[in-house]
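Chain lettering (A, B, C, D, E and F) follows the sequence in which the chains are written, and residue indices restart at 1 in each chain.
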Amino acid sequence: MKKIEAIIKPFKLEEVKEALADLGIEGMTVSEVKGFGRQKGHTEIYRGSEYTVDFLPKIKIEVVVTDSVLESALSAIVKSAKTGKIGDGKVFVSPVDEAIRIRTDETGDKAI
Amino acid sequence: MKKIEAIIKPFKLEEVKEALADLGIEGMTVSEVKGFGRQKGHTEIYRGSEYTVDFLPKIKIEVVVTDSVLESALSAIVKSAKTGKIGDGKVFVSPVDEAIRIRTDETGDKAI
Amino acid sequence: MKKIEAIIKPFKLEEVKEALADLGIEGMTVSEVKGFGRQKGHTEIYRGSEYTVDFLPKIKIEVVVTDSVLESALSAIVKSAKTGKIGDGKVFVSPVDEAIRIRTDETGDKAI
Amino acid sequence: MKKTTLIKSGIAALAIAASGLFTTNPAFAQEAVAVVTETVVATTTAVVEEAEEVSAIDKHWEGKTGDLAMFTVNNLWICIAAALVFVMHLGFSCVETGLTRSKNTTNILFKNVFIVCMGLLAYAAYGFNSMYPGDNWTIPGWLAIGSPIANGFGGADEVANLTAEYNAGYTYWGDFIFQAMFAATAATIISGAVAERIKLGPFMIAATVIVAFAYPITGSWEWGGGWLSEDFIDFAGSSLVHAFGGYAALAAVIVLGPRLGKYLPNGKVKPILGHSMPLAAIGVFLLFFGWFGFNGGSVLSANAPLVSLVFVTTAMAAAAGGITASFASWIMLKKPDLSMALNGILAGLVGITAGADSISPWASVVVGGIAGVLVVVSVIALDKIKIDDPVGAISVHGICGNWGTIAVGIFGAGSFVTQLIGTVAISAFAFVFALVTFLVVKAIFGLRVSPEEEEGGLDIGEHGQEAYPDFVPNK
Amino acid sequence: MKKTTLIKSGIAALAIAASGLFTTNPAFAQEAVAVVTETVVATTTAVVEEAEEVSAIDKHWEGKTGDLAMFTVNNLWICIAAALVFVMHLGFSCVETGLTRSKNTTNILFKNVFIVCMGLLAYAAYGFNSMYPGDNWTIPGWLAIGSPIANGFGGADEVANLTAEYNAGYTYWGDFIFQAMFAATAATIISGAVAERIKLGPFMIAATVIVAFAYPITGSWEWGGGWLSEDFIDFAGSSLVHAFGGYAALAAVIVLGPRLGKYLPNGKVKPILGHSMPLAAIGVFLLFFGWFGFNGGSVLSANAPLVSLVFVTTAMAAAAGGITASFASWIMLKKPDLSMALNGILAGLVGITAGADSISPWASVVVGGIAGVLVVVSVIALDKIKIDDPVGAISVHGICGNWGTIAVGIFGAGSFVTQLIGTVAISAFAFVFALVTFLVVKAIFGLRVSPEEEEGGLDIGEHGQEAYPDFVPNK
Amino acid sequence: MKKTTLIKSGIAALAIAASGLFTTNPAFAQEAVAVVTETVVATTTAVVEEAEEVSAIDKHWEGKTGDLAMFTVNNLWICIAAALVFVMHLGFSCVETGLTRSKNTTNILFKNVFIVCMGLLAYAAYGFNSMYPGDNWTIPGWLAIGSPIANGFGGADEVANLTAEYNAGYTYWGDFIFQAMFAATAATIISGAVAERIKLGPFMIAATVIVAFAYPITGSWEWGGGWLSEDFIDFAGSSLVHAFGGYAALAAVIVLGPRLGKYLPNGKVKPILGHSMPLAAIGVFLLFFGWFGFNGGSVLSANAPLVSLVFVTTAMAAAAGGITASFASWIMLKKPDLSMALNGILAGLVGITAGADSISPWASVVVGGIAGVLVVVSVIALDKIKIDDPVGAISVHGICGNWGTIAVGIFGAGSFVTQLIGTVAISAFAFVFALVTFLVVKAIFGLRVSPEEEEGGLDIGEHGQEAYPDFVPNK
C-alpha cells in the first residue's frame, strides 16, 4: 500500500479526479494548500507598499492505493495534471503500513 | 513511531478527540478536507443546471503515536468515528522516522 | 528522500520559510490546520455559556528533502520556529519512496 | 411525493390567503391570468378614471396650498418610513444569518425573503382590512374578518381615499404600505428563533398563517379600535409587534425543541457559535436605522415636535441598551460580548417602542438601559431552561417587548395595570395561537429536519445550495 | 507599455466626455486646475452672486408659503429619491459579487465603483443636456448633442432654475442629481453580465461610451420629448433603463463569450456557483429598498396619491416576483433556489417599473408574478443557448424590462402595440450600439483576459489584490 | 483585578460625562433608577403637560398652514438626515473591518458599537449644550461648560422649543439628534487608525473623553458662535468633524506605535492586507449614502435650491475623488488599487464637506479630484514616516479635511487665510488634546495589547470571541 500525495494546480482537480476514477480508484481526499516552489510568486502593491506573494494556491490530493495500481495511478495523475508550465506541481509516494475502513473494520487492501 | 491519519465525518471530531484523550494521547492536528469515496456525492441544481457535488466535507485527524499505543489508538478512533453508514471514512497508518518537539528539542518518543 | 512535516505557530511561517530558503530548499507546501496539544486551549463564554476552544490555529509545512539536507533542514526549522513557549509545535520525519515533477516527469532527488 | 404535496399545500394556503384573487403557482400562470383579468380590468378602469378625475382631488385642495403641503409632507414621511421599515427585514436577515452556522445560511436567507414577500401579499389580501375594520367587526372589539385590499381601491371614491379626507397624515395607499411592512416582522422574529432545524415547507405554512390571521387580530385590539384601544398605550408596537413575535417564537421553539448538541446530557450548555460577526453587526445597525421609520413613522404624520422627539427617544434608548448590555456581559461573563452588545441595542429599541412618543429622553435612557440588562439576563436564563433561541429573539422581542409596554405605565402616560393587562393578553394570544399552529403543522407535515440533515446543514438538505461554495469542486 | 497606452486612452475618452472642462488624470492635475480655473471662477462668482441675489428667490415666493412648502417637499423627495437610487449601486455591487467566484471579487467591486463615479461625471459633462434637450435637437425627436451642466449653472437665471419656474417638482439641481443616479445603472447592469472574464480597461472604455452617449439617446426619445414621448408609457424605465441595460449586456456577452468551463464539450452546462449567498441577498434587499426611490422619485414630485400608489405597486410586484420565482424554481428545479427567489424579486421590480403609477395594486401582483416566472424560464433558456450571464442580468433587466413595458399595454393606460414598438426600439438600439462599441473596443484593445488570468482570477490578474487575503503569507 | 478597576474607571468616566444624571453600570441599576427617578418624574410631567398644552403649539401656527408645512418639511429633513448620518457609523464599521485582519474583527465591531452608543449619550449629557452655548460661554468664544439635555427639555417653554420660534428649520429635538449623530464620528475616525493593537478599555475611556469634551470645544468655535464663527467657513465639518478626527487619530497613532511587523528592520514596509474587500466596499457606499444626510442636512432646512445643490456637489466630488484616486494608484502603483479607489471616494466627500453649499458643481469636481490624488499620496507618505494607519483615516479625514477647508478659500466664498487659520487651529487643538488624553490613559492603564495578544488577535484577547468561528471544534 502506498500513499500518493499530488500537489497540483487548482483548476486541474477535475481532470485528475476523472483520470483516477477511470482507473477504478474510488477514494481520495483533497485539501486546499499554498505552495512555494520554482514558480516564484508575484510582487504586488497594496496601498503603496510592495510585497511578494510567495505562496500560490494549490490543491493537494491524497490517495492511498494498492501497490498494483501505483504505477498506473502515478502516470494518470502526471498526465492529467500537466500543463507543461512552471508550477504544475509534484507527486510524492510514501509507504503506508495499514488501512482501515471505519464503517466495516475491514483492513488492508480491502479497505482502500 | 507511527502516524495515524483518519478521515472522518465532521460531526464525529469531538468524540474521536475524547476517545484519544482518554488514552492519554495529548497531541493531534486537525484539518478540513473534502473527500471522494463510495459515499457518492449528491446531484444539485443551480440556476437550472445540474451538477454533482462529488467531494463531501470531511475532517482529517493526524496523530503521531508510539508503537505501543498504536493498536489502542486505532481501535479508539474506529469505535468512536463509526456510524455504520456509508462515508464513515478511513484510517491510514504510516511509518514515522523521527519526531522533534520544537520547544525543547526533545526527539523520539519523548517528543510525541 | 524524506518528508518533513512541521506544525508551527502561524506567525512563524515567514521565518521558517526564509530559513529553509537559505539552505537552498526551493519547494514546500503549507496549509492551515488546528492543533491540539499541551498548549491547552482557552475557555471562553458565548452568550452566557462556557466552552473550551481546544484546537488552536497552527500552520503545517510539508517539505520533501533529499537525505543529505535532512539534518540541516530539521535544525533550521526547529531554530527558526522556536519561541520557547508552550505550543511551539512539532516536527515529524517520514520516509518517501518517490517524487515526480509533473511538468517534466523527472523523478527522484531531481524532482524535489 | 411528499414534497410535492407539501408544495401544493403551500400554494393552497397562499391561494386561500389571497381570497382567490390571484395565485402564485407558475404552473397555473395562464389560468391565473384568466382568473385575474376580470378584476384587473375593473380596477384598471378605475385607475384610468382616477387619472381623469384628478380634478376632483385638485378641487379638494383648491385654495388650500398650505394644507395640501402638510398632507403631502405627512404622506411622504409615511412612505419613507415604510421604506425604512423594509430595511429592517434586511437587518433581521443579517442578524439571523450572522448568529447561526454557515451551513444553514441559504436556508435562513430564503426564509426571510419568503416572509417579506408573503407578508406583503397576505396583508394586502386579508390582514389590512381585518386589522383596521372600522365598524365591520365580527366580534366587536375582538375579531374582524378582512376583505381584500382591492375593495378599498376599485370601489372607493378617490377623493375620500387619496386626500386628507382619508386621514390627515396619509392616503389609503400610504396607510397600507406602512402597515404592511410591519406585518411581516412578527414572522421574521419567529424565523430567527427556529433557525437551523426547522423544515422549510412547514415553517412557510405556519408563518403564513400567523402573519395573515393572528397578527391582525391582536393588532385590531389596539390599533384597529378594539377592546384595548381606549387606555392601553402601545405607540409603535412593543407588544403588538415585538412581544407578539417573541411569544409566538417561544411557542415555536417549545414545539420544535433545541438544536442537536446544544444541551449536553451532563446538563451543560454547549454554545453554538454564530458564523459571522460582521453580518450580525450589519444587521443590528440596519435595524437601528430602520427603527427610525418604525417608530418615527408611527407618529402617522410628519408632526415636527413628535417625530423629532421620537427620533431622540429611539436613539437614546438604543444607545443605553447597547451600553448596559455591554457592561452587563463584561461584568457577568468576564469579557465584553459583542453579540450581547448587539442584542442590547435591539433590546433598547424594542423597549422604547411602546412609549417613544410619551417618554422623556432621559427616561428613555433608563428604559433602554434596563432593557439592555434584561436581555443579557434573559438570554442566559432561557438557556438554563433549555429554550434554544439561536439569535435571542425571545429575549429581545418577547421579554423586552413586555418591559417596554409596562415601562409606559411607569415613565410614560399609561397606567401600570392597563399596560400589564395589555401586554400579557397580547403575548398570551400570540403564544397560544402559535402553539396550536405549530402543533397542527407538526402533526400534518412534521416540523423538524432529520438529524442527518441537521448535521449536514439545511442549505444542502432543503435547498441543495451552499451559501459559500467556493471550495466545492463540482462537475 | 500597452497598459499605459490603455490608461491614456481611458483618460482621453474621459477627457473628451468632459468636453475639455476637466480632466481626471492626476499627472495633469496642475494643468487641469489651470484649465478649469477660468470656468470655476466664473461659476463661483455666479454662486456668490446667487447668495446675494437670494432675495430674487425670496421675492418669487413672497406671500406663497403654501406653494413654497409644496415646492420644498417635492424637491426634497427628489433628492432623497436620488440618494435611494444611489443605494441601488451598492445593491448591484453586492448581487454581482455574491453570484460570482471569490477570485473575481475585487475586480467586480472596482468596476462598480468606477461606474458610479464615471456615470455621474459623464452625465454631468454630456448626458444630462443631451437627454433633455428642450428645443435643441440635432435630429428632432431622435438625437441631441448635449452641453456640459456648467452651462445650466453659470449662465442661468437663478430664479428660473431654482424655483418652481424650472419645474413644480424640483430645482435644476434636484433634476440633475436624480437623473444622474439613473444614468450609471445601465452600465452596472452590463457589468454583472460580463463578470469574471472581461479586461478591466476595455470594459471601462466601453461602459463609459455607452453611459455617456447611448443612454441619453434612447432616454431623449421618451423622457426628453422625442419620438416616443407622445403615447409610449415607460414611467420609471422598464425599457429606458432596464431593457436598455439588459440588451446592451446581451450584446457584450455575445462579443465576449462564456466563461471557461461553463459549457462543456458534451453539451452540458456546468454551473459556476456564486461565492456568497449573504452578499447576493443583501444586494437584492438593498435594490428593493432603493427601488422605492427609483420608482417613487419618478413621480417627479411628492404628490401624495401617486407616490403612495407607486410604493404599493412597487412592493407588491416585488413580493409577487419573489414568491412566483421561488415556487417556479421549486417545481421546475425540485428544490427552492435562493438565487432564483432573489432574481424573482428583481424581476418583479423591473416588471412594474414601466407602469408603477398606472397599474392597480392587484394587477401589479400579476405583473410581478409573471415576471418572477419569466426570469426563471429565461435564465434556464439563456444557458441552453450558451449565453453566459453569471448574475442573470439579461433575464432580469432585458426580458422583464420588455415584459414590464408591454404589461402597461395590458394592465395599464398604454396601448399594447405602442408599448411593443417602444420597448423593441429601445432594446434594439441598445443592443446594436453596445455590439458595435464592444466590437470596436475588442478590435483595438482586446476584450478578454487570458485563460491563465481567468483561471487564476481577475483579482490577481487585473488588480494584484485578493478580496479575502487572510491566509496569504506575504512578506 | 486590574480589569475590574478598568471597568470601574470606565463607568466613572461615563458617570461623570452624564453629570450624575444616569449610570450605565447594571450592577448599580437599581440605585440608578432611584437616582434618575426624580429627574424623570419631573420631565415626564413636562411631557404630559406638553401633550395637554398642544394647543399652545396649535395656536402658534394658527392661520399659518404654509409656514407650518415649511417648518414640518424642514424638521423632517433634519430628522431623516440624522438617520442617514447614523448609517455612516455602519459605513465606518464596515470599512474598518474590511481593511483589517479577520482576527481583530469582533474587536473593531465592538468599538464601533460602543462609540455610537456612548457618543449619543455623552452628547446628550454634556456635549450639546457646551457646543451651542448661546450666551453661556465660560471663556467667551473659546469654551463653554455644557449642561445636560434635560435642562433644555424639562425647563423650557414648549412653544419656544418645538416650533419655528426655536429655529425655522427644526425643533429642539431635531437639532439635538442631528448634531448628536455627528458627534460620535470623530471617535469613529480614531477607531480605524488605532485598530488591531489598542487595548479595549483604555480606548473606550480616551474616545469618551475626546467625544464628550474636546469635540464640542472646537465645535463651539464655529458652529456655536465662537471666535471662528464670523468669517471662517466650514459648512458641514471638513475641519470640525473630519480634520478633528483625523488629527486626533494621528496623535493616537503616534502614542500607540505601528502594528507589529508593519515596518521591517530593513526599512521596508510590509503591508498588512485587509481581510474583506466586499466589507470595505459596502462601507464606502454606505458612507457615500449617509453623506447626503451629513452634508444635505447641514443646510439645516429643506431649502430646495441649497439642498439640491449640496446633493450635486457632494456626489460630484465623491465621484471625482474615486476616479482620480483610481487613476493615481493605477499610474503610481502600476495596478488599479480598489482600496485606494474607495479611499478616494471618501477623500472627495471629506473634501467637499466644507464648501458643499458654496462651491459650484464643476469646482466641486476639482476639489474632489484633488482630494482623490492627495489621499493616495498621503497614504504612501505616512507609511514612509512609519505612521501606521490601517484604514487611511488620517489621510482621508485629516489631510483631505484640511484641503477641503482651504478649498473654500480658493473655489468658494471663503478667504484663503481665514480658512487656513481655522483648519490649522482646529487640527492642532484636536492633535494636542488627543495626544494628552492618550498619553494620560497610557500612563494609567497602558494602551497597547501584549505582542502575544496582537499576534493571536484582539478578538480572542479582548473578547474571547472569534468573528468567523465556523471551523472551531468546541465542546
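Things worth noting here:
Simple rule for what comes next: a contact is a pair of C-beta atoms (placed from the backbone, for glycine too) under 8 Å apart; a residue touches a chain by one contact, two chains touch by 3 or more.
Please read these numbers as outputs of a predicted model, since none were measured by experiment.
Although chain A and chain B share one sequence, what matters here is the overlap of their interface residues, and that overlap falls short of half of the numbers used. With B-E and B-D as the two chain pairs, more C-beta contacts join B-E. Centre-to-centre separation between chain C and chain D, using Cα means, comes to 52 Å.
Spacing of chain E relative to chain F, judged by their CA centroids, is 32 angstrom. The centroid of the Cα atoms in chain C and the matching centroid in chain F are 46 Å apart.
With touch defined as above, residues shared between interfaces to two or more other chains in chain C number as follows: 17, 30-32, 34, 44-46, 51, 54-55, 94-95.
Along chain E, residues 64-67, 69-70, 73, 76, 80, 270-271, 273, 276, 282, 332, 334-335, 337, 339, 376, 464-465, 471-475 each make contact with two or more other chains.
Residues 2, 6-8, 31-38, 54-55, 58, 60, 74, 77-78, 81-95 of chain A are the ones that touch chain C when the two sit in their complex.
Contacts from chain C toward chain D in the complex involve residues 44-49, 51.
Interface of chain D with chain C (complex): residues 268-271, 273, 332-335, 337, 339-340, 376, 379-380, 383, 392. Within the complex formed with chain B, the chain A residues making contact are 3, 17, 26-31, 64, 94-103, 105, 111-112. Residues of chain B that touch chain D in their complex: 10-11, 34, 42, 44-46, 51-55.
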